[in-house]
Structure formats: structure tokens, C-alpha cells
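Common to both upcoming complexes is subunit A, partnered first by subunit B, then by subunit C.
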Partner chain A sequence: MPDLGLSVLLKGKNFARILGGLGVALKISLVSVAISLLLGTLLGILMTWKNPLSRAILRLYLEFIRIMPQMVLLFLVYFGTTRAFGWNLSGELSSVIVFSLWGTAEMSDLVRGALTSIPAHQYESAAALGLSKRQSYFFVVLPQAVRRLIPLSINLITRMIKTTSLVLMIGVVEVLKVAQQIIEANRMSSPNAAFGIYLTVLLLYFFACWPISLLAKYLERRWR
Partner chain B sequence: MKYIRKALVLLTILTLVFAFTACSSSDNESNAEPVEDTIYRSLSDIQESGTVRIGVFSDKNPFGYVDENGEYQGYDVYFADRIAKDLGVKVEYVSTEAANRIEYLQTGKVDIILANFTVTPERAEEVDFALPYMNVALGVVSPDSRVIDSLDNWDPNDSIIVISGTTAETYLIKNNPEIPLQKYDSYATAKNALENGNAVAWANDNTEVIAFALQNEGYTVGIPSLGSQDTIAPAVSKGNTSLLDWLNEEIKSLGEEQFFHADYEATLVDTYGLDYEDSLVVEGGVVQ
Partner chain C sequence: MSNPILTLSHLTKRFDELLVLDDLSLTVHEGEVVVIVGPSGCGKSTLLRCMNALEEIQGGEIRLHGELVSKSSKNLTELRQKIGMVFQSYDLFPHLTVLENIVLAPMKVQKRSREDASKEAMALLARVGLEEKAASYPRQLSGGQKQRVAIVRALCMHPEILLFDEVTAALDPEMVREVLDVILRLADQGKTMLIVTHEMQFARAVADRIILLEAGRIQEEGTPEEFFDSPKTERAKKFLQTFTFERKRLEQPQSQN
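Let's turn to the complex of A and B:
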């Protein structure tokens, strides 16, 4: 077995530090995911309304967030708000704000897509059965839309978890930054550590994202 | 609808054109912004709060890094600890990247940057540098069998290895255009190329080539200091004179006790050996 430099992980508190880094990444992403799922669903429903003003505003918001690289958004919120308004947001809070803005925008478009993909005859049949507008929405359209949403939102959630690696640019020390710190601190004593440490990071991301995929699979089967 | 689309296309083109032409002028624009004088914390603000925030690298061994117990260590950190002690406050380290060091000072999110920050005229327009505490220059390393100790009378059949985007590349293109360069993207590939004998020498920051020669048998740094000597200094937010003056006094008084030599011996000697102590260390802010 080639030397992967894994012994570096056992030095001092290194393993606890890298797990702590994963904790930071998960805390930021899961809080943002919770906010995004909630707000994204609300905005997605709003987007299907025919009101031209609300549609235009939501469209603008979505396009703005979609075009902006997350890195730019992080810099805008972390440094920009200090320049413009003198707010001193912490790195973690800035990250949660950016990831929530991003997640909400993408989630709302997914919800809009899922809702509009429900064929018109479903609405019509519900009306023919004597269900009110509200009833047909909650009992017929939404359950079907949610089922279509599952694989799409899982993609978004795992993407949000992985993209937290960018927050090291605003001074938040998360799993990837800890990994780089460990590799660099041992650059002389174990120059091969990079491979082993990055492999560990890969496994950690995998174990963070895999349960979410399992949950999605379960829900899809359950709601068939 | 047609007109709207046309207008959008036009707008997109204008944006792109502007983006490309604005690259050179963007510096001036950021200067034009009104700079609030409350953005940074003065010396008395820091002492009242009881904590000084210092931006350091957390992954640049041996200058600023985090050890296996999660403690910040290195040449810059050794100095930062002393600053906090002499200010009579606690220190809070902020992990910075090369690309965001200036931004941290301009928004007052850190009080001092001590992250291996090379003094350049461009940077000095954005931040205020204190007196230097270290030298940097370029160096050239070559095999013992044929040590390159001068770039004069260059044989055009010999080439030099550089890493793309480094100051070594820029310097050689500008000052020795007759020397053929072999460019590599990473440290590892450049190292392999030198070991395989693809070129006669490798030019890089002198700290890097010195460390390389010490770790690898059979290589010598024939030119330890090439081109203009640059310095590394602490930086504070533009206009924070109370803190800047204090730092300058601190560096001068630390010179009397040979503080940076002690710092070198505590943090850099394992990497660079004792031979380079006097050429790398700047004591009391005075470049020899």
C-alpha cells in the first residue's frame, strides 16, 4: 500500500479539526437549505400567479442570483455591506445569507417548473369532482408537484453542501480549509499527505450527502 | 418585443465591452468612493476593546500556518503574538487568502495584516505599510554538477524553468528576454522538470529555491538574490496613523533586542538553515 500520508490525520487534534470543519460546512448549508426550501416553495407558488408585477420582480431576482457567481455574492455580502452600510456581518452569517438567497432563487424556479408541469386536466378533473380551488391545489396539485420536486431539490441541496467550500474566501474555516492547513503544516515532514487528506475530504462530503440521497429514494418510493 | 430583445443584446454587448476596458480603470474608481474614516479602529479603540484582530495565512508553512493542535504558528504569527503582548490585548487570528488581504483592511474587518505581504507601489495606494521585517527576492537553483551563478553571457541553448504567473517569470521576460523559459503550472511539475534535467536551472522566490536546495541533495542556489529586493511588512487600513506609528515604533524597538533574528531561529531555521538568516531577516525596519 503506497503511503497516503494518512498518519498525518492522527497527529494531535487533526482528525477532530477536520470533522469540526465538516460541522461548520454542514451547519451553514443545512440552515440555508431549510430557509431555501421554505421560502423557495412560497416564491415558486407566487411565480405561477398571473400578476405581471410580482412575476417580473421574481424573475429579476432569479436571473440576478443565477448569473452571479456565488463567490461574487459572498464578497458582496461580507465586504460590500461593510463598505456600503458599515454593517459588520460575521463570515458565517454572510455565508448563510448568500446560500439562502441562492437556494431560494433556484428552489423557487424548481417549484414553478413542477407546478406548471401538472397537466391542466388534473385541475379540471378536481373541479369536476366539486373540489374548491383551494382544495384542488392542496389535495391534487401540490402532492404531485412535491413528488416531482424530490430529485431536483436533492441535486440543489447536495450542490449547496459542496459549494460551502467557497466560504474559506471570507475567512470561514470549513472542512476544505482545515484540509489545506493540515497539508501545508506537514509539507516538509509528509509531502505525500495531500492525496490522503483530499481523499478523506471526499469521503466526508460523501457521507454528508449520501444520507440525503437515501432519504430522497425512500420518499420517492413512499409517495409513489 | 423585437425592440426589447435588440435593446437587451445591445446592453449585453456594452456590458462586456465595458468589462474588458474597465479592467485598467477600475482601480481609480474604487479610490473615488467616499472613504469613511470610521471604518478602521484606531490604536485606542483596539486597546479599549481588549482584542486586536490580525489577518494571517493559515496555510503558508512556515510563515503562517495552523499546527496539529489547531494553534496558529509561523514567522508572521510569532511577530503577531508579540504585537498583541506589547499592545496589552488578546489576539484574534483571521484566516486570510492572498486575494482578499487588501479587502480585509479596506473594510476594517482586521486591524493588521501580517500575511507575508510584499510591499509594492500598487498595494501602497490601497493600504498603509509599516516598516519591513523581511526581505524577498528571486533566486536561481541549479544542479551541483553545473552551478549557475550568473545570468550574463547566456548560452541560448540553455533554458530556465519558471512557474507561470510568478514574479520570476515576469522578471526574466522583462530583464533577460534572451533566456529561453520553460513554463510549468505547478510547483510539482517544475520540480520534476528540474530533476529530469529538462533545463539548467529553476528561478523562483528565493525562499522557495533555498528550501528546495536544502531538502534535495545535489542542488545549489547559485544566485540567492536576483533583481530588485522587495520587502515584507505589516499593513494597516489606509489612514490609520495611530496604529501605523505604533507599529513602526514597535519594529524599531524590537530591533534593539534582535527580535526578528530570534523569530527566524524559532520558526524559519528548519526550512532555510542558518546561512540565510541575515539575508532574509530585516531588523529594526532597516534594509541593509
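Let's turn to the complex of A and C:
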């Protein structure tokens, strides 16, 4: 059996450190996800309104964020704005800002798509029953839109969790950074550590995202 | 006849340049069953949709008990409760069970208690033979069952007038009967109804008055007997001809024996 370099994990507090790194990654992604789901839903609803000005602004925001690589956004916020505006942003806070901006943009487009995919006669039969606009939205349109949104937003959430591996570039010590540090520190004693440690990181990401997929599958079945 | 419920006067409806309803006037009285027939694209469905203010109108007015029905009416949701509508495509809410579909509007719009609304819903479901489907979702029902639920959903709001927009047009032939039977029984109970349909036999049976709509105007109106047996206008004759089939059979050569 080749040496997979897994023994390094058991050395000192290495495994606990990796888990700590995962905690940082999850904290950044989950806070951003929460903000994105909330703001994205609001903006998505706004995007279905007929006001041309708000539509144009939201469209511009969406396209700008979607075209920009996340790494450039991270650099822009962490190195750029702190220098230009003289404020103080930690790496973690910068990450949360960037991921929220990105997630909100993507989420709003998903919400817009889900809302416009509800057939017009659903609005009409709700109206014909005497439901007000707000009631139709709340009891008829949104619940159906949410069901359509689940697979799409789960995809977005797992993408956001995975993309947090970029934040090591602005000095945040998350799971991948910890992994690198451990590998570096043990380069002489166990040169094969790279395989074992990165494999561990892979599994950790898997176990972080898998329950979300399971939850989505469960909700989809329940709400079919 | 008894007192008028719904009055349309000089109704004009355009989709951009296309004139769909042309200065159309019509009064529906309490307890009356009016059936609207006509070739497709003649504005039948649009007419019903206007009555519920689902479409804007460009001229004339619609009054329910003297109250103006229009998209800008302040009490539009109140007026719509009095005008029940059943659509061609059932339009049940797919995320709600049959019972939830029926009690949603009574509870949210009329603020009735869940017990009260459910009790009535179950009684109405029993009347259309769908009691045991109360907990099912629309996707588990056949087209005919969905349409009967849609009728119950409209009935549960206690509307003063019911509008039926080609409610059997999307159904398989064997499902049509069960839905039309429900409507016939409603007519027996004296419900005021406006029905758009392509089922001429049914129209004849259920109607107090038949209206032929073509090119946005009422071309002919009368009792079913008058309309079907002795149509006055050429248009009516021509329209009715589309429902009779004839085959010009060749003379059979005499068999030689």
C-alpha cells in the first residue's frame, strides 16, 4: 500500500486545525448565503415589476457581478476599497461582502425566473376568487415559485460554499489554507502529505455540501 | 323577468387595433342561465374575462347590481367574490390539496374560520362526488375531477353569478359528461350562470337563453327552441350547420342477381 500521507492528520492538532478551517469557510459561506437568499428574493421580486428604471439598475448590477471573476471582486474589495476609501476591512468581512453581492445577484435572477415561470392563469384564477394582489402573491405565486427555486438555489449554495476556497488569496485562513500550512510544515517528515491532506479537504467539502443536497431532495419530494 | 344582476352596456374591447367586442349590451337576470355560443375567436372568452375585470375595456360599462365592475374599482375584490369564474384549464393551485384549494379564498378573503369553510367545502365536494379526494393534490386527479373541484371552489365563495369559460373544452369526451351534469344541477337549483360552450346539446338543455356572438356582436338571441329549431339570421343558420354532418353517398349500384 502506498503511503497516502494520512498519518500527518493525526499529528498534533492537525485534524482539529483543518476542521477549524472548514468552520471559517462555512461561516463565511453560510452568512453570505443567508444574506443572498433574503436580498436576492427581494431583488428578484423587484425585477418582475414593470418599472423600467429599477429593472435597468438591477439588470446592470446582475450582469456586472456575473461577468466579474469572484477573485477580482475579492481583490477589489479587500485591497482596492480599503486603500481608496481608507476603511478597515478584515479578510473575512471582505469575503462576506463579495459573496453576498455575488449570491444576491445570482439569487435574484433565479427568483425572477421562478416567478415569471408561474403561468398567468394562476394569477388570474387567484384574482377571480377575490384574492388581492398581495394575497395572490403570498398564498399562490410565492409558494409555487419557492418549490421551483429549491433545486436552483441549492446549486447556488453549494457553489458558494465551494468558491470560498478563493478567500485564502486575501489572507483568510480557511480549510484549504490550513491544509497548505500543514503540508508545508511536514514537507520533510512526510512528503506524501499533500495527497492525504487534500483528500481530507475534499471529503470535508463533500460532507458539508451533501446534507444540503439531501435536504433539497427531501423538500422536492415532499412538495412535489 | 325578475331583477337584473349583471348589466353590460355598449361594451367595447380592443386588443390594440383588433376590435374584439363591438358595442355589446347584455343583461343577465337573477336565476337565468345564459349560454353564449359562437365560432372560435368571436370574443366569447374575452367577454367573460371582461365581466370579471380580468381584461380592461375601452368603452361602455359593466355593472353588478348597479355597481361598476372595472380594473380600477376600489372594491374590485369584493365584486369578484360575487362573480365566480371557472376557466377552461381548471387552474387549481398545484401546491395545495383539493380542500385547501377550496377553502383558501373563503378563509383569506371572506375571513371565515377553517372549520366553517371546510365543512361547507366537504358538503359541496360530496355533491359532486369527490368527498374522498379532499386530501389529494390536483396532479392526482383526472381532468374532469379537477374541473369539478374548480366549480366547487367557485361555489364556496357564494357567488351571485357564475361564469363558465369553455369548461369542458380541454377534457376527454368521457369526462365531459360528469362536469356538465354538475352544471345542469346548478341550473336546477336556480343559480344565475353565464356559460360559454361548444357543446350544443348541453347548451340546448341548460340554457334559458342562447346568444350567438360573432364579430364582437350579438348576432342572434332567443330561447333554445327558437335558436336551434328556427334560427332567424343567416349567421345563426350557418353557425348551426357546422354542427351537422352529412355525407353525399353515391347511389349504390344494384347488386346483380
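Operating definition for what follows: the second predicted complex is superposed on the first by the 223 of 224 C-alpha atoms of A that agree within 3 Å, B and C clash if a C-alpha of one lies under 4 Å from a C-alpha of the other, contacts with A are read in each partner's own complex, and residues count from 1 in each chain.
One rule holds for everything that comes next: contacts are C-beta pairs under 8 Å (C-beta built on N, C-alpha and C of every residue); 3 or more make two chains touch, one makes a residue touch a chain.
All figures in this text were calculated on a predicted structure; none of them were measured in a lab.
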Checklist line | Side-by-side fit of subunit B and subunit C on subunit A, or clash | finding: fit
Notebook entry, point to check: When the two structures are overlaid on chain A, which partner does A:K217 contact: first (subunit B), second (subunit C), both, or neither?
Noted result: neither
Note to self: With both complexes superposed on chain A, which partner does A:K177 reach: first (subunit B), second (subunit C), both or neither?
What the structure shows: first
Item checked: subunit B versus subunit C as contact partner of A:G130, first or second or both or neither -> second
Next item on the list: Check the residue A:R59 against both partner chains and state whether it touches subunit B (first), subunit C (second), both, or neither.
Entry: neither
Notebook entry, point to check: Once you lay one complex on the other using chain A, what is the shortest C-alpha distance from subunit B to subunit C, in Å?
Noted result: 23
Next item on the list: Mind listing the subunit C positions that touch subunit A in their complex?
Entry: 52, 54, 77-78, 80-81, 83-85, 87, 89, 91-95, 104-105, 108-110, 139, 150, 153-154, 157
Notebook entry, point to check: What does subunit A use to touch subunit B in their complex?
Noted result: 11-14, 17, 75, 79, 82-83, 86, 88, 168-171, 173, 177, 180-188
Check: Along subunit A, where are the residues that touch subunit C in the complex?
Finding: 121-122, 124-132, 135, 139-140, 143-144, 147, 223-224
Notebook entry, point to check: Of all residues in subunit B, which touch subunit A in the complex?
Noted result: 33, 36, 38-39, 58-61, 65-70, 73, 94-97, 99-100, 103-104, 106-109, 215, 270-271
